[in-house]
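Since the structure comes first, as structure tokens, the remarks are kept for the end.
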Amino acid sequence: MSDHIPAPAAETAATFGRFDRRRGNQSRKTVTFGDASEVTTSKVWMVFSLGGLMLIWWLVTRGPEPMIAEKTFPGQRAVWDAFTRWLREGYRRGSAWEHTWASLSRVLKGLLIGTVIGIPVGFAMGLSRRLRGIFDPIVELFRPIPPLALLPLFIMWFGIGEQSKVNLLVWASVWVMIIAARAGVLGVGGSKVHAAYSLGANRWQILRYVILPNALPEVFTGVRVALGVSWGTLVAAELLGTEVGLGATIYIASRFFRMDIVVVNILVIGVIGVAMDIVMRVLEARLIPWRGKG
Amino acid sequence: MKDLSVQNVSMVYELPRGGSVQALQDVSFDLEAGRLLTLLGPSGCGKTTLLNIIAGFLAPTGGAVTLGGDPITGPGQERGMVFQQGALFEWQNVAQNVAFGPRMNHRKKSETKDLVDGLLNTVGLTGFGDKAIYELSGGMQQRVALARCLANEPEVILMDEPLGALDALTREKMQGLILKLWKETGKTIILVTHSVEEALFLGDKLFVMAPRPGRIEQAYELPFAEVGLTSDPRKLKASAEFIDKREELLSMIWGMEEQIMGHEGGMS
Amino acid sequence: GSGGDSSPETTAATTTDAPTTTAVAVDTGGLDELNVAYFLEWPTANQVAQAEQTYDDVLGLTVNWWPFASGNDMALAMESGDIDISYSQGLTPFANYVTSGADHVIVGVAVSYADADNCVAHPDYGVSQDNAASSLAGQNIYTPIGNVTHFKLLKMLEHLGVDLDGVSLIPSEGGPAAVAAFENGDVAMACAFGGAINTMLAAGGNLVMTGSEQEALGIRVFDIISIPRSFGDDHPSVVTAFLQVTEDANAAYASDRGSLEETIAAAAGMDVAGSNSLLDAFTFLDRDSQLSDAWLGGTVQAAMKEQMDFFVAQGEIDTALDSYDAVVDTSYLEGVR
Amino acid sequence: MSDHIPAPAAETAATFGRFDRRRGNQSRKTVTFGDASEVTTSKVWMVFSLGGLMLIWWLVTRGPEPMIAEKTFPGQRAVWDAFTRWLREGYRRGSAWEHTWASLSRVLKGLLIGTVIGIPVGFAMGLSRRLRGIFDPIVELFRPIPPLALLPLFIMWFGIGEQSKVNLLVWASVWVMIIAARAGVLGVGGSKVHAAYSLGANRWQILRYVILPNALPEVFTGVRVALGVSWGTLVAAELLGTEVGLGATIYIASRFFRMDIVVVNILVIGVIGVAMDIVMRVLEARLIPWRGKG
Amino acid sequence: MKDLSVQNVSMVYELPRGGSVQALQDVSFDLEAGRLLTLLGPSGCGKTTLLNIIAGFLAPTGGAVTLGGDPITGPGQERGMVFQQGALFEWQNVAQNVAFGPRMNHRKKSETKDLVDGLLNTVGLTGFGDKAIYELSGGMQQRVALARCLANEPEVILMDEPLGALDALTREKMQGLILKLWKETGKTIILVTHSVEEALFLGDKLFVMAPRPGRIEQAYELPFAEVGLTSDPRKLKASAEFIDKREELLSMIWGMEEQIMGHEGGMS
């Protein structure tokens, strides 16, 4: 249980202005370097940062002889045009919304299935020596296998339809979820379980009323990590048998050297990733109000 | 009501790198129903181990424990446990915590509600039912834990340093509450504490335990708990009798400590 | 071909109303959907029929067109049962797959494109036909692997006397990667197909051998139409009707390319200029040519045998089939008018 | 700081027989369901599990008409033959060792650079509002970008040499390391930092002697997670131009439908992944003996 | 040696959701060098806040603190802090922890070594230098924290509930050690505690603080610390004078508690 890595940007809640806990007393600390409570995100510098990125982008792509060739990395004007055109006309067979929704729904389905499989398996591993013995080698052996290496097998087994793509995203997320759920179980305070037994709970009740809620925070963090991993696997998942989807668009557009469209879709993925993380954080604050307060 | 009987209980923990710890050796005692037993002793003398065995979380490596003649083989509702801290369910509110036992036993909702209200009243938390656990102070949380334990009407209440984390003042209040409950309900209570004063004040009976191997070094029958509620507790604690007893215990334990902890380096 | 002499107007009418082919009742054999794989990176004549849903109308089926980026994936998808017909699959991936034991068959030739698939030498390395053996020695060549481009490269190097052990072939993931590698200057030569070649030529690259020079060596570069053998057995008239619509579309294209260019480009997801420059390099064979000795009459089978034996010699695969005659089935094409 | 996900298989130490803490007292707990300390890995069941996997594999691929066609997924015999042959002869231009070493060294280099970049950035984000403001949007926006989407850009910028591949692996690992390092800093107990200031430490000394060692456990866990992610990105990285490497082998062999070789290489990656995780755990136990004991 | 002067110190914490807490209001006192001041008071009365201000970790929102006339603006070596727990560096061994201050100040290695050995001896941990922190018991860890603090020879030692986590017996030993150090070194010490007994026993001077707003409610000059070392501490604690004082304090604080915590629900 001492083995944790942080959720992605767990502490960036403040980034988006919702949970900014600092105010007033900031000026009163004489020591801020090394004091975690002092380190929230400076909104001003966030704006500078995004502005800086834009500036660099502009600098390296401006003029008739840009530092980075237009066809390598397009300028802001070109990307903006591509974006508005993408919004208006979509790309190839799909509208912007269809592409976005196709990818989003694949990621969400993959994550959902990954979670639905991962939680019971993770719980089983956290609750039973036997099941842990059974799943441990499987999890450890399969986890590092590159999704791309699985593509041929997945085509053969699951075809080229949605199932294949979703399954690849399941693969990407299920290991994260298993590990998170297991950690959630292992983090259950022994005394809570003991207390529940003494209060007459049976095993099923222990699972339902003690272990499950106790593991929720870890599960939630797992979902957030898995989301990032799923988006990262999207292009691989959409390599096959589709031209609708952000990942497919990136792949196809790059085959036609349409770097403007590639960049637009990369940015859309980035922004959706950020947005979903915010949603998860809000949900988390709602659903697990006790988090960090136990 | 049932008497508790601990017969020749031994507990040996085997250590992962070999070797073993004799956490309890041949511990025997009988506790009649309705007594309030306090356990006092230095760290590692097996207090928690003994409580866990009585609660049924651990099976002793030797001996047996019976309650009303029936052997204890696992946790049971007739033996409630109040932990030092952290055993409340923070995903439930106060009332849900207290209602946990009845709910697990599929008791009627309305009945449970009345029960919970009554218990919250008993522990002085009327109106706090819908508060979240993390909104309560430490002392209030301990009262919730007590109410939750009482909701199942256990024959025996086991408390492992229930007041250890509280400040002096809250602690004193909780001591009063425990005495009051004990008097009113007549339950059997076993309470572990590190505080000599607390052990004296609350204990109707007191065991001083000693480590290596864990055992009961000395048993006392005490008068203070009986009068603790009626007379002013602070006067009682300031009484010569109380102070004498305290000094006696402290000397004994101090000696024990010296003997045990001596190797850690004395403080000249 | 029936539409071979139709005027553009009538071709359009034909494809829309489909009078010629609907006359032949297609026995769909309980099939209500047909899944066809096509190559997403380039324009083909039959994309008019694809865009106008002529296939659906004629076959009386819903035809699903699945975009693919490689013939390898088409082979795997046919194996999984998700694809019934692969249109424009590379010969090499097909041959590779049947060599590994798959029961797929060639039922037609989709497109021949010797000029649309080539290797472009980087100007800094000064590679030409005459000095290839020395100028390429010890250099990197960027090429896709296990497809016709790969085979063609190997044959060309062999012809030019380049020591194959002395060059390193770097596996490429498609056109943009090739262009990027080329422009980056890490490779002496990059092989690709389609628009990537034009881009590299525009960047100062040169062809070491032209498509026709390579054809003269007997290197054929073409894509085929393939199916799982069992699909043909179960639905012969669907396959024939598919080939018929394709034949009609090719004929319409042959007679009046100009009016179809925009439709094709749109269906291919390309701009018209890019689409046209590829189409310039393409030949869509008619039924009779396909059935001739130069193609399915025996040459294609021999080409497969040659390629696979060559790959065996190169150590890429362990064994080739004794003969590739059995993986060509012209019976469907013979039913096309 | 309450936002953590577990290290992969953080608790599987026992899996490999090094840290098995249970013995003797296992039989004395009456309650094991829900008691984390009771849930170590059963070695017997681990063996059953691996045996079961082998058995299933054997069952679905046995006989002349196997349930899964030979060319889809080869049988054990075929994979074993391919493995021994791979050991003897290698594949294409490389010996087994060369392929393995090429991939291993890329993964290690990528991880090393990712760590060397990630730690200071993560520390900076944990220590300064400004730097956090600057890096937060960058990290959040770039993290979900699929590595595959970056292939053309990376070739263009870094060429097809080692640098390009290593950089993609850096990309895969650096976000994990940044987040881990940041969490490590945020986990520093305020009182430790205060104590150090009171003892006369300056900022640099605080960083060096307090924050760094305190963050080590999280950093270590980050490295273990990043290792998994790096192996998972290997095929994509080796698409950037090489024929030597386990990922490249998988890609090339799959182009020739050599599923036996594909499976051999997948398994080799899995086993190396497991082995490296064990090494990391041993190192961790050596280097951070205080972990979980603070 | 320097005197500490706290002048009209106020501290207002602004709350994230609006509102503010007056953690300290207009707190003033002078503490001559060499005194041992204990701070006692219910939870939330600003004890930690005051200590943090003196340590220089927080700047007050009003007023000022000076040591020997110099204003305090940040942490400094002349003011050492001993935390309740968890402030030891567990990645260093005992000796390295104690040597931390001298090392940060680039003192000579050999000199530091002698210093560390001497301090370990003082706190009764001779020979424990190469032990890991997590191998020590809680009491031993507190002794290391004390030694580490002493290594820098601070003028003022600030202790925030240093003995709160210890069991009764270890705690009594540590009290003895603190008294001894205070007598021998003559340092100024400010010690926060929740235990009335401890505040009385250790304090040469005692402030009882009250919350909302945080303030010094009552100040006492006490005789016990002076004699605590020479006479038997347990006898001292059992003396009538001690017990009277204790009862006085308890009554006062109990009243304060009632008033404050009343809203939490009384325990009838």
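Think of it as A, B, C, D and E in the order they're written, each chain with its own count starting at 1.
By our rule, a contact is a pair of C-beta atoms (placed from the backbone, for glycine too) under 8 Å apart; a residue touches a chain by one contact, two chains touch by 3 or more.
All values derive from a computational prediction rather than experimental measurement.
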Worksheet entry | Intersection of the contact lists for chain B and chain D | A, E
Worksheet item: What is the minimum number of touch steps required to go from chain C to chain E?
Response: 2
Worksheet item: Which chains are shared contacts of chain B and chain C?
Response: A, D
Worksheet entry | Among all chain pairs, the one with the most C-beta contacts | A-D
Discussion item. Can you work out the whole-Å distance between the CA centroids of chain A and chain E?
Written reply: 46
Fill in: Rounded Å distance, chain A centre to chain C centre (Cα mean)
39
Discussion item. Taking the mean of the C-alpha atoms as each chain's centre, how many Å separate chain A from chain D?
Written reply: 17
Discussion item. Could you pull out the residues of chain E that touch at least 2 other chains?
Written reply: 56-57, 74-75
Discussion item. At least two partner chains per residue is the criterion; list those residues in chain C.
Written reply: 79, 176, 180, 183
Item to complete: Among the residues of chain A, pick out those that touch two or more other chains and give their numbers.
Response: 31, 69, 72, 152, 156-157, 194, 196-197, 210, 239, 251, 254
Discussion item. Output every touching chain pair, sorted by label.
Written reply: A-B, A-C, A-D, A-E, B-D, B-E, C-D, D-E
Item to complete: Please name which positions on chain A make contact with chain C in the complex.
Response: 69, 72, 91-93, 152, 155-161, 239-243, 251-252, 254-257
Worksheet item: So in the complex, which bits of chain A are touching chain B?
Response: 189, 191-192, 194-202, 205, 209-210, 213-214, 216, 288-290, 293-294
Worksheet item: For chain B, which residues count as touching chain E in their complex?
Response: 42-43, 123-128, 137, 139-140, 143, 167-170, 172-173, 176-177, 180, 194-196, 234-235, 238, 243-244, 246-247, 250-251, 253-254, 257, 261, 264-268
Item to complete: Using the touch rule from the top, collect the residues of chain C that touch chain D in their complex.
Response: 72, 75, 79, 93, 96-97, 100-102, 140, 142, 145-147, 168-173, 176-177, 180-181, 183-187, 311, 315-317
Worksheet item: chain A touches which residues of chain E in the complex?
Response: 11, 13-16, 20, 56-61, 73-75
